[in-house]
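A quick write-up on the structure given underneath.
Chains here go by letter, A, B, C and D, matching the order in which they are written, and residues are numbered from 1 within each.
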């Protein structure tokens, strides 16, 4: 079976696992107050060129989004998000469960534009019969594999400043975003009030690092973590992993490998003249295939069915990861070539 | 430094870690739908002698409690708990954050009695100006190391049946409870509507297994997990660990080792005529020491200060774990003997 | 000043006020347990031809919607509504504040169709990464003055049955809906699981009657009212008003008068060839006027600006009420004629 | 039947009703933006000697408490209250439904002391495993008819300042509190961050005036009102009533009359040597009577059973109101004398 289902199908990169094994029997204090979390947080502050940032480590992505947005918003405030955003389509109403509306803009290539944000702000910020927009949520890379450019981030920052909003970036796949765009850790620290640096989908067993750069959002965040069940007892497991991934550049290497595999696959799909749902530069690809091909594929490839394209075609998703090999890509392409013939 | 701070200070038991390493590069589906979670759930159903139970794996304890109680209660319903219960004293208001009151009974040795539950039910179940009690929350062992007997569980079950309440047991330290009481997995399945089998505090990296035996509480539980951010992307990490711990009895062995170390320590403390806050049979002990001794101890022992006993004495907490050695216990006792002299 | 701003600009119809004055010094028990609430509830059950219905009286409309939907939904469940629905556009996020998402369908003439409901159900009912649709919310008349026919109600009922959903009708303007459609109280009782019979906008000082016909939704509703602050201490004020309005047909008469005035106004607008945003048969009309006319109108008429139509035109709203006279309508039309000349 | 059940058993004082009737057919804008609300708010600001206060009018008391505390608290924050407080005993969990814990202190004569507040703050303000206390809730008069002195208010203010807490006073019976203590409107404005001036229990049909003196708590309060369903469509009904009650001193007169009746009753009970649950100076009295007397009383007097005193005695509650006459008090005393003989 060829595996292109997602980028969180295995455990951790061996070096990350090794770090966990090596420290396994050490005894430390819990709840993220240990030296490993301290070290990983320091590394992140350095990478972000933001010595005043607060860094918290959280087991999962929905937890991270739910805790952050719950902490940042007052009861009458709302999030603005593209309608393809993870908080809208994949978290079973976690944000609403915290009491907040998500104002949706129709995603353009999986993204929201500053202009769309402005329009929603103009419509709702001063309307007391409506919740008040207060946070702009983006994910980068997006759920469709697309990516915000530095310029786009700056435009979002500007509109947020204009209306007094916070900019929050869900970075579950931030490493891939940095590989395929002109953005760096420091750019996110400079433009976002808070953002995550994803671990689960980039070589860690699990974990998201929450970076808060806006001092207004820092107080009592640990209480929120606790209240949301997002503070891991053995918090050092997250620190150990992040330190291992970040201290020698492994984290970015893994994303490079993942993107490289995706680009090989993308080129191959193009060579086969397979249409794509969207032009994604990163590790998620959305080919549109004849239904019969999709069915035949299921026997030999693990992947996700995305959506019906038309009566006879289905859009599916291929995801590469740091461990995807050239051989696997080529085998998939060969299989597709055969099935498409 | 001698380590008696808690039972979640290190990583996982080597056999559990080995299982994680061995399966690390396997590729499986996510969100708990993998064969390892299936296997672990089957093992639990067998141990519980309850083939119809639903089993879910959740990264953390607060998450487990918050998700379960949030799923079980309607907006106007409340939990009954002893005032020393974890949901009251250690979860930063997670239950209230879900919208529910906790009705407190003054804990008797860390426990709540059926009589106390009955009193609260009589007071509030039919009072429409009050939230309606609907779940009895217990933890076993308790936050004070004490344990419910099978008879006590049955009495709680009976009062729950009388008033139409659910009985929920937070089993973060269930293994220790089973070691020091006359209860088995099957007893919890038989008396509780839902309970957890704790991993974090008994040799796993992290994880709680939620066992739901009451079919009324099963529908949509996975949606609740998702909404609460309690569904791990790489869910199989939990399945692998539970399977490793449960398939050959390791899980109970670890609790036996932990209790054995605690009993050696308890006997030693008694020999030193050190008074205890409470007569705990399990792996948490609460000696009351002169303040000067507590201060001196801090240099060489990691432990938690529990509460002021009087002006000159402080109650502290020693916790043993599966990895606590006889030598460590004896060294602690020797040190105490010296300091108390 | 001519008053066409809304149908809740004055106090109560004189007969309703008279009933309040007449009973003013009587002493009764509170919280809706008094004989007047009992009497009014009985009248409603008779009108609805539904002797088993539960009837509760609630001061305001947002409260009514918030309390009902909060009581009917589990945490992971959601409401389906047209995007023009009151809960979406006028309640400042009351439903999300209770923890629930609103799934929106683009309103067709202010209404949602059974087909749209079906599409949302097919998309989300079985997707565990999404909240689960459980209630269909409609308002009748709608926020645009349009009305559901009996056939449309039956179609919504059918799709609700197909997917196990509740049908809830916000009847803030139910009287007008009954005047301009082929529906009766009994039809709402027969098709909806719960609905309100609005008082505030039809001659009462304030008040909405919540009619629950589905026995599954009845338990503990009074507790929900209490918890949401929706149970009036002097509950009898609501009972007295509803009894006065319902016992001799006044309630429907007032709606007839209101619609009659609207029809006169509508005919006049048509005669002036003024385009309308929507073809509304009830007491809300949405003419589109040149901006200059709108500005000029403001000096002599109280009305609401609805939306920009194009650069040079604005849609405004005229609302008639039971107290709107032919003279007022004619004066408004004369004024418009002059301004449009 | 003699009526001593509560102070909200009838409608409104005739002068208040007259004001409603007189303005009944006037047409005004809704949602509290009308001239009557403006006038009433101005009167309150004058009485409070606080020209910067924000005043909002809310239909009911639970709504007022729920909206205010929901607006003032962040998700991780909690209220401190005496365990006899209305938010704990009579609102069906409204505060928890908003997500917040109530930290309870054992009430001393229905009140909480600054010392008790301090103790709870010391225990929880800096404990990140606990919700953080942020508001002190008091009611004045209390649910037991007792009253805070000016000195007690100042002490509470001081401890609130020490720990950065808000002081909130539920003034459902504030008028009575002012009659029987050395406090004035201005004292509440000076010591509380927000408080209510109750209408329902002092001669209005319904209504509570929320006075916010702390500018930090003012932004977006109207949005909260809307979201909580606490903004009355015909808001002017509240403005008209408050203006009528406040403009010529009627509001305080009614409380004087109520207290005067209570004092006559209290003296009479004392003369009959009937023991009291508590020494209440205001319009709620809590005599302890033989069970047989209580039973016999039910035929001729409307009152509330409060609690069992012992096997043979029951504590009941008598409440006087502005409309209670000397004759009614004397008739009740005569009846008691006969029954106690």
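Points to keep in mind about this one:
As a convention for this text, a residue touches a chain if its C-beta (ideal position, glycine included) is under 8 Å from a C-beta of that chain, and two chains touch if they have at least 3 such contacts.
This is a predicted model, so every value here is computed, not measured.
When the C-beta contacts at A-B and at B-D are tallied, the pair with the greater total is A-B. Taking the mean Cα position of each chain as its centre, A sits at the greatest distance from subunit D. For the pair subunit A and subunit B, the distance between mean C-alpha positions equals 33 Å.
Subunit B and subunit C have centres, each the mean of its CA atoms, that are 50 Å apart.
Taking the mean of the C-alpha atoms as each chain's centre, subunit B and subunit D sit 42 Å apart.
Within subunit B, the positions touching two or more other chains are listed as 75-76, 91-93, 97-99, 128-129, 131, 223-224, 226-227. Taken chain by chain, the contacts link every pair, so each chain touches all the others. Listing the residues of subunit A that touch subunit D in their complex gives 70-71, 74-76, 98-99, 128-129, 131-132, 220, 222-224, 226-227. The touching residues of subunit C, when paired with subunit A in their complex, are 75-76, 78, 89-93, 96-102, 128-131. Of all residues in subunit A, those touching subunit B in their complex are 3, 5-6, 8-12, 14, 17, 20-21, 23-30, 59-67, 91-94, 97, 200-201, 205-206, 223-224, 226-234, 237, 302, 323.
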